[in-house]
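The following blocks contain the structures, represented as structure tokens.
Look for chain A in each of the two complexes below; its partner is chain B in the first and chain C in the second.
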Partner chain A sequence: MASSALVTPAAPVTTAGRGGRRPRPRTRRKTLTAYLFLAPFLILFLTFVVAPAVFGLWISVTDWSPFRDVQHFVGLQNYINLFTPGSINSGDFWRAMGATGIFVVASVPFLLVVPLLVAILLNRKIRAATAFRTIFFAPYVLGVAVVGLIWGYILDTQSGILNRLLELVGIRGDIPWLVDVPWVWVSLVGVTVWWTMGLNTVIFLAGLKGINTDLYEAAAIDGAGAVRSFFSVTLPGLRPVMLFITTTTVLASANMFGQSYLLTNGGPGNATRTAIMYISDQGLSQNNMAGASAMSYILFAFLAVISIINFRVQRERQEGPAA
Partner chain B sequence: MTAATGIPHRRPSSRRVTSATVLYIVLIVLALIIVLPLLWTLITSFKTDADAVRNPYSLPSPFSIDAYRTLASGQQPILLWLWNSFAAASLQTILILVTASMGAYALARLDFAGKKLVFGVIIATLLVPPVVFLIPNYLIVQNFGWLDTILAITVPGAAGAFGIFFLRQFFVGLPVEIEEAARIDGAGDFRIFLQVVLPLARPALATLAVLSFLNNWNDFLWPVYVLLSPENMTLQPGLAMLQGAYRTHFAIVMAGAVVASVPVLILFGVAQRQIVDSVAGAAVKG
Partner chain C sequence: MKKALSRGLALGLALAVGVGMAGCAGGGSGDDKGVSGGGTYDGPKVEINFWNGWTGGAAPVLVPKMIEKFNSEHKNIVVKDVPQEWADIASKMPLAIKAGKGPDVAVLHGDDLATYAAQGLLLKSDDIIKGLGYTADDFPPGIFDKGNYKGAQYAVPWSVTPLGLYVNKDVMAKGGVTDIPTDRASYEAALGKLKDAGVQGEWVDGFVFTGTFELESLIWQFGGDLFNDDVTEATFNSDAGVKALTWMTDLVKNGYSPANVAQDGNIKALLAGKTAFNWNGVWQTTNDAFTGLNWEAAPVPQIGDQKAVWSSSTHWVFPANKGQDTNKTQAAAVFVKWMNDNSADWASTGELPGANSVRNDPSLVEKYPNLKPFIAELDYAHYETVAPGIGEAAAEITTALNEALTGKKSPKQALDDAKAKADQILKQNQAKYGQ
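So, the complex of A and B:
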């Protein structure tokens, strides 16, 4: 678990006690060896993680343009613009943030509840559990573009098989799945659940396997029914996994890009244009790199706050009743 | 879904049998929801365009491989994209395995000045969303002259903190006795790393390889912007182009989806246990 690992102190080194008479040259040689081991990673890490993080922050406080050689420091102007109603990008940016918000709120409950229920079913003694697990996971390996092609056709208003089938069974056959609200949201959430459901399912399943079966027997002896033992044994047993899954799922949904890009192209209007879609378009297609960098840091701040709240809430729940 | 908690059953009563039936029905319906769109994609790819539009839910009549022929002779080199995707994902995976395992060994086993700082910075970047790196990394890659090359979609993505963090956790958990024995036998750090630690870490390395490969294979946003010419594209941006080029030619689009999925699905079928266990294990234990 990422969270528990965060508080693990650096491992005590166990080679101590060897020699140690003249510590300084030895330590220096050890340090050299360690940095030789680290060098290949650190070169990549400094070039493509640390440098761009700092560089991006710098771009966001300049009037950066790819067509100019000299860039000027403008302070927090790009950020102020985004928080000024009526300024050039602020309306579109916050609409895109809103779209991302809608998608997170609409998709995360399904991406948690459906996999949890499926994992509970698969965790019972059933035949072909592995086969079911494999099938549920399969769409995830296809990648978003294949998923976009397939569902783009299925959900097509005129020629799509879904509307044809709905018409066949007597429900309306003209639902604008990919071209009108609120149907676009239903489609984007549905396709995302179809595509990634297996991922959370197998993680929940691994979590369920880790719960001691004696606890269920004890609960049964105490007269707990299926529902009671779900709430007093299964859910508490899943807590560490739950923290991991909610964090990664919220972040994944907040970073949604491909589904909108491929299925709705951000439409209708710009209703499903997500923050990531708007930032990448502004920065890399419209050459508004300074503005887009500022936007990416604002999105980062939002996600950091959400992650912290999520972490706090889950930890409180974990400590509260148990104490 | 009432008895959903896995309580061991002793006497199968009629109620149990019914609940088992319901359980299987639910699972089968769910499996159909997953499988039918894929099956239907395959069926549609063997139709003519007219047939695909007119009879969307019947079997192909006539059975036709026109869509595949058009695809093979068209402007979209889909097999090349498939190869590019495999090459990029493999290259990045190797790069991650080499750099992360070496770095993780230093962080887990060696004592050196600045260790806490290095580890702290690596951990801190785990929480930064990828969009923050998008624009500056684009400029850096452009500056290196890597735009529209395989380097753009392999090297920057190998710099992430996850791999080294994940392997460090694993190395820390390995017993040190074997390493110490090797050290007494006169082995240096590099030999210990290569001959003792790496073989012991094989399961963790396999897990990281699976996760890295899938991650690169599925990457969409970055290749859409850094790959420009059709022959350099990977599957994900390529297929998006294909969809644009053949908007109403459903048979061709579905044939593209089939060509893109069959190799991965075969690979997944062969290694499904390893892949699924990797993903689940990294989440629960990592």
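So, the complex of A and C:
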């Protein structure tokens, strides 16, 4: 969806300005080989992603019930219900979407900035760099159940070690980390950053290694300090990586489920019940498949729009100076 | 907690299965095709599949032993034990039954029975149960009917798990309290004395485990109920409900409980010697962390006008597999009776055997003395409401409790809002499950 929108304005530039970019016959044969290699994955993708997605779209326009043999087409009724205030699911669904939004806005900046800084530190020629890299990546291999259990102990209001430490250093020792707002958000974002930053760090690190060191030398000769070369060399050099990481991180955060399911149970009230939590509960526990499918597609639409905007903004910046 | 946790973890898997399951609607009619008999089976040799969610605690050792014994005593029946996570049962069993590949006998949680029965997944078992000679009098009061849906009996009780009062006696002694409180006056007096000694006596939490169980116990104690008789309307916002929830929020207001207790924060505090009382389920009696602690379990105190306590239950069911072999169901019935008759050691799993004859045998409490107070509670225990899809409506009770305890709403406001939502859900359920 993103590519079709983006290719069009770029096309004239390609043909007019830079020749020799059209695919030649040899490249075309190479492409065919590539497609052949991709075919096994494509089959899996069609079977387990595309087909269920299409099936879900069908469910979302019916009054689907697992207890009936015949399902009736109801048009957009399930979607209309979600946009009708006071209907049984609309209030809860939009509250859950709101909770998801809060989590994305609060977590994504940290999940970009912290791993970037860590990656820059790890990229320096320091002793035991590999050991540090392993340490930062280690939490990522843990399952969400383990993460939930560990942090459940640490963040307990009364007997958690974090509050005990805060009390020892003179800050209040009764912060309801997992029980009340706004602390639950701090906890959920903090735990998620600790848990998943390793992946982003490793990708950033790969990106940093790909930046030509000559550029840093040239910048140094031109009199650029550390800060200047970070903004003028490092960041521009990381743009393709940044685009990838931003997109995947936004999507991952929007799909947050386990952390709030295990740590806060969606509480207080339903303040931290995310969209995925609500959709899975409705569809799988409450047998409300039709409504849940419609919700999934609304969530999908939101994420698609955000991804397109993200691509646009970062792609334009990338091509700006080059043109 | 295990059940809830594993349910959550398997949701991802269940999504895929759920979609597939939705694809093949329909299913068995739910008639038992004339299975009966007096607890014996003399037909051809059969192998029956038994599905259960007993994957933790003492069960994985105990159950295979019991089944081995049963198999050796019954020449023409071979029972195959198929333990798996509860969440896997929930996601696989409906599909398997519709495809004729489900178990011949299974154990389910009481609050799931109606949902399965409404889908036509279980055999109407009146004749089977009559053949086994069971009546409601063979089990604790109130539990047998939980297997009844729309006038037909679908289940035989297997175990019950009531709430009780866990006491850290060393902490209680700090407040100069010597006797475990049994009613409102003595309980509040004990909490007051403990407060004077600098101990917050009961830490109240706003989660299913176990704040919701405490709230529901209190609602029944104050003479209320969670839903009306035909489960068309939520009634937990009655005066009794408001009194119950207010009593819990007052624990915090009066300084008997800290605010913002996290999930399981209270049992951890009891074990760590920071609080004296915790309302928790009989399953905690098998918690190894109690070893070396000076503790005792007691019936929950009577705070309201009458004695009442929350309990959950598990039940035997006979699935209505497509093309179910009546011989296998007949053999399964023999197995169920035998298991209930030999369920004394089920107490080692932290659950009470459902069969009165076994549970009330003096040798049981001799072997498992911690269970005595829980057994005493069964005369006035209340079980979870029976209606298809009840879980979603009942979840609103937890939301209300949580909102009231975190100060988001007054007890009355929280319960009124939850009732309005629950009523909507009940109405939707009626359409969904075709009542």
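Going forward, the second predicted complex is superposed on the first by the 276 of 323 C-alpha atoms of A that agree within 3 Å, B and C clash if a C-alpha of one lies under 4 Å from a C-alpha of the other, contacts with A are read in each partner's own complex, and residues count from 1 in each chain.
As a convention for this text, a contact is a pair of C-beta atoms (placed from the backbone, for glycine too) under 8 Å apart; a residue touches a chain by one contact, two chains touch by 3 or more.
Given the structure is predicted, the values throughout are model-derived calculations rather than measurements.
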Touched partner set for A:135, first chain B, second chain C, both or neither: first
Which of chain B and chain C A:55 touches, first, second, both or neither: both
Chain B versus chain C as contact partner of A:245, first or second or both or neither: first
Chain B versus chain C as contact partner of A:110, first or second or both or neither: neither
Touch count on chain A, higher of chain B and chain C: B
Chain B versus chain C as contact partner of A:152, first or second or both or neither: both
Contacts of A:289 with chain B and chain C, given as first, second, both or neither: both
Touched partner set for A:261, first chain B, second chain C, both or neither: both
Touching partner for A:307 - first (chain B), second (chain C), both, neither: first
Contacts of A:88 with chain B and chain C, given as first, second, both or neither: second
Chain B/chain C common contact set on chain A: 48, 52, 55-56, 59, 66, 144-145, 152, 159-160, 257-258, 261-262, 280, 283-284, 289
Contact set on chain A toward chain C in their complex: 48, 52, 55-56, 59, 64-69, 71, 88, 144-145, 152, 155-160, 174, 176-180, 257-258, 261-262, 265, 267-270, 280-281, 283-289
Residue ranges of chain C in contact with chain A within the complex: 5, 7-9, 11, 14-16, 18-19, 21-22, 25-26, 91, 94, 118-120, 203, 206-208, 258-265, 268-269, 272, 274, 389, 391-392, 399, 402-403, 406, 408, 424-425, 428, 432-434
Chain B to chain A touching residues, read off their complex: 1-8, 20, 23-24, 26-27, 30-31, 33-35, 37-38, 40-41, 44, 52-53, 56-57, 95, 98-100, 102-103, 105-116, 118-119, 121-123, 125-140, 155-161, 164-165, 169, 172, 176, 180, 183, 189, 193, 214, 217-218, 220-221, 224-225, 235-240, 242-243, 248, 250, 253-254, 256-257, 260-261, 264-265, 267-269, 272-273, 275-276, 279-281, 283-286
Parts of chain A lying in touch with chain B, wherever the complex brings them together: 1-2, 5-6, 8, 10-11, 13-16, 18, 27, 30-31, 33-35, 37-38, 40-42, 44-45, 47-53, 55-56, 59, 66, 117-118, 120-126, 130, 132-146, 148-154, 159-161, 164-165, 194, 199, 202-203, 205-208, 210, 213, 216-217, 220, 226-227, 229-230, 233-234, 240-241, 244-245, 248, 251, 254-255, 257-258, 261-262, 275-276, 279-280, 283-284, 289, 292-293, 296-297, 299-300, 303-304, 307
